[in-house]
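In the two assemblies presented below, chain A is common to both, partnered first by chain B and then by chain C.
Moving on to the complex of A and B:
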């Protein structure tokens, strides 16, 4: 298991390098001179020139990118242009909030999505099936900011049950994670339904029924277990879209997370902060994919056996 | 995609276009003009004609198509439908609640919300349809190239694809907007450069399997240059899957534009966009929730219609479902 995780981590390094190189190049060609941006208006050109030299802004990209990677490996992501604080520290402060939000959202989407998908798959074509499919398509079609505003308006403004925004404890996490969870619950429900319906058609289900198991036992002991791995695998690809949603959710609910940090970085044209946030997001997606792979292996012994062959 | 019947009939693309045109006419209950490429009885036989016929039988998809058409018409005819100017400021109507004269109320500057929604839908439609088409074309060309060429070029294209997929798409688009600057054309460009990956993967997978098929081998054996084989024989056979993907890509692109504009990275204030309207109304969520809720509901309606249509389309274009009665 450890060997598999290490191999996978090593394998994802080129992707990570590729992502950061692309982003680095993209942000460096963006208009606007950072040195001028950092100084106030009408700054002494002499000072700006010295600052530019200190930041190595005149160096070509192929010299600056390795320097960025080398510094990043040492935990140094540079200084925020706007606040003058080390970017790594700002990200470490924001990261737990985003992780907590993402985990709670995953919980919501799995509870809702798996339950709805199972209900729909049990009676294909029935009213409940069509209802779940319609609702899941609605969930996929809803703009994240709209469900955020709607939940905010209903639970915080109309009913006054929950805080509107901010982040000071569990109560503040409920609405954001509900927003983010609902967005991916639709996808989970559709996947769970498709996967379970395929599992229900398998020979071993007929065998299980033939030996006289109750429908409940067939479902819980045979069908669900076999339907789980494909859903887990595809959900790994959702890690990236979950973070996309987190950017908007964090902005609406004023959660001080990595997503909001990146929006603020763009608004202030704060390049090191944006680079740091982007790097963090890429690492989070890769770790999310890895976690999904490990979960699939735990759920499916056949995959574990295949690893033995691979390594 | 496991079923490998050749999708284009012998007469090629031109023949399919004629068949599609004929079925269109039949759907509109118009008889095809005499001399319209022969007079044999009409039956949906080409893949696209069959798909269109299947789509017409699908009641949900038909309703969705009608809804999309209605929205397009409403957005196009906004100046004649609405009695108000979308930018006419009237501070007497500040945050007016929805009523008979202003169906969705008025915003913080007294502008009619429904009128602004109609104008905002134009942006949503443009940002939905054009970039997803562009992303499909870009992805298709890169995917077919990656599948057909293999070697270093194919490897590079697919690693680029992996890298783009291993990254939150909204953040990537935000980075692009940072580099490009705001504006509708830049939003469209950012969406194209972010969303091409799915099409590239599908096109590559299709190409890899089509490459081994007899008709492609025959075309190669006849001495057709690689570019002609790829463009004339492989690309047309990837098209049904790509068109289905386009149907799913449109609502995605609409949501993308709305999200970017909501974050303040898309359309800028004098212009209107549904995402921007929702962001502007966010401050008045307590006193005037309709300012931000109504534009969001309009986006939901539009994406929902496109999603139902896209669902029907992918079902109709799936060769497996075509064999079903």
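Moving on to the complex of A and C:
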């Protein structure tokens, strides 16, 4: 297992290089100039020229990219053009907020999604099944910015129970986590239901029932374990995408996370900051994928066996 | 405008008048002033302030205006003179300007202390100006000191200090200019000209203004907390030289979403709703019996304008530009889109600006004549034009673009709305290549130069893609900067305004919109700043008890 994880981690280094190189190239062709954006309505050609010189924008790509990689390897992601702060520090400041939000949202998504999906799968075609399927479809198809506003209006303005936005403690985490969690709970519920249904129709379930096991034992010991791998994969990928910053939710609820930093960086063509945010997102996706593989292996011995062949 | 650069005795009189005016200005016009009750004023802004360092910020000055003081301040005039302002003493108790307009001598107020307890001295002022010009600072607002002797050499790295600024003694600063520069005093009152402590700022280095520990000024509030993209907190400076502010603290939250801003206000989480951050909410607040009586309208020294690229076809023909001026029914837009809350502007200067005259130019609305002019100019079937629409601009501006395009169509223009990303637009504009676009400009300092030089200086007219081709007018903008007689200078600007708007038809001003604020139930004293900005000093703002949880 350790060997597998290490190999995978080593294998992801080229991915990181590719992501950053691609971003460098894309930013090179994207119109817009960070110096002009810093000055906006107060743009003065002389000052813009001085700023540009300080940013080394005139240097060719083949000089700037290796410089970036070399510094990044030493833990230095450079300094934000617009804010003058070290990028690594800004990301380290924003990341815990994104992680806290993502974990709470995932908790909502997994618990709610898995429970609802299981309930629906037990009684296919029954009222509860149709209710869960209907609600999950609604949850999946509701845009986050809209559900966020509804939740804010109901819980904060109408009932006065929770704060509208901001990020100053656990109370402030509830609404954004619900917003994000509900949207992904729908996916988890539908997938859990489908996967469990498939498992429940399998021959080994018939055998288990014939052995005289109770329905609960059939479900927990045989069906769920077999239904788990696809659900785990989707959950881990959800985690990866949430951990790289939920841009809309962070904006609406004023969470100072990585998603907000990325938007800020794109709008300002703040390359060092954007590189930092993209690198963070890439790392999160790689880790999420790895976690998915490891979890599936733990749940499914056949996968572990296949790894043995691969390595 | 009173109290600005004059000569000899008049200067002293002006200073006295300015002190009186400033005292009067401390009493807010809209809501009666309160005795100090303390408490926290809670605000929300849609953006992070980026840095409290005013030398490195061109956009957000809430922190800068409350943490720092300037040598002089621009204060609103007395209530009976709507819109009038005066240059009032700030950290400088008095000042003299040499008759040739080249030497400014400031006498600092004794006993002023920075937030770290150290006294303000002339050396701090010298340091502040030199820091702006020091290339290592990478300051953005260097233009305000561009005529200080030695500033250019310092900026270009040829000198180790700015030679034109010197401390004559512990409390006297002398600034020498390379040429007479009439707007200089007004510029020293702009938020970009905040005064720093030499010792503290040097020690803070590049982190100055980024954290509470590395921010220090003389102002009514101290920065106590600054979390990027989350919130800032300012606490009262009990030793402020004008006395402690009415508030104990100001809490500022960053909330990027305009819908959320209104919910924050309605849920009682913030005390002030700034309509500039959510213009679409005006109708709601005006109709609401709960809030109607809590609306405060402030005139804004600024204007919306439609920038015409004088160098780009078809607008390189004066008749075509005039046709566009005639096609836009500005009154209709102001009345229907903005509930009539503002004033039409017919010139370059906005109401409230020094030298703004009662006989400012006005533009007629006559689409039939516009079509005739277009035909004369060789466009009998109408002229093609593009109008910029930037994705990140407020939603109301997208509607405004539609309206302008539809109105221009009646005058014979086929206007195509061209979407831009902000970054792409700004760099296109920088090279003088942008098509028709609209924007808003409001005064940083109360001097006509803030408008004329921005739009019609040789460099400004290009970087804003206006490309005024009238060489005489471009020269006149430069010349007007050094006219030392205030009356003669105002006359020059009024003439220039007519020349640019009427003779050259180079400029299409729209209107000046009032700035509307809604006061929450706790706010007991509030006055909008002279220029109608969102960013202001909250020295005189007061809230009643009970304080927030």
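One rule holds for everything that comes next: the second predicted complex is superposed on the first by the 275 of 311 C-alpha atoms of A that agree within 3 Å, B and C clash if a C-alpha of one lies under 4 Å from a C-alpha of the other, contacts with A are read in each partner's own complex, and residues count from 1 in each chain.
Please note the rule applied: a residue touches a chain if its C-beta (ideal position, glycine included) is under 8 Å from a C-beta of that chain, and two chains touch if they have at least 3 such contacts.
Everything numeric in this text was worked out from a predicted model, so none of it was measured.
In the superposed model, A:179 lies in contact with neither chain B nor chain C. In the superposed pair of complexes, A:195 makes contact with neither chain B nor chain C.
Applying the stated contact rule after C-alpha superposition, one finds that A:47 touches chain C and leaves chain B untouched.
In the superposition on chain A, A:247 makes contact with chain B only, while chain C stays out of contact range. In the superposition on chain A, A:29 makes contact with chain B only, not with chain C. Shared-chain residue A:152: touches chain B and chain C both. Contacts of A:267 after superposition: both chain B and chain C are touched.
Looking at the shared chain after the overlay, A:160 reaches chain C, while chain B stays out of its contact range.
When both complexes are aligned on chain A by C-alpha atoms, chain A residues 30-31, 149, 152-153, 157, 251-252, 267, 269 touch chain B in the first and chain C in the second.
Residues of chain A touching chain B in their complex: 12, 14-16, 18-19, 22-23, 26-27, 29-31, 137-138, 140-146, 149-150, 152-153, 157, 237, 240-241, 243-245, 247-248, 251-252, 262-263, 266-267, 269, 274, 277-278, 281-282, 285-286, 289. Considering their complex, residues 159-160, 162-163, 165-171, 174-179, 181, 251, 255, 258-259, 262-265, 275, 278-279, 282, 285-286, 289, 292-293, 296-297, 299-300, 303-304, 306-308, 311 of chain B touch chain A. Across the complex, chain C meets chain A through its residues 48, 50-51, 56, 58-59, 135, 138, 140-143, 155, 206, 210, 227-231, 253-257, 259-260, 263-264, 266-267, 269, 392, 421-424, 426-428, 430, 439, 441, 459, 462-463. Residues of chain A touching chain C in their complex: 30-33, 36-48, 50-51, 54, 82-85, 90, 93-94, 149, 152-153, 156-157, 160, 163-168, 251-254, 256, 260-261, 264, 267-269.
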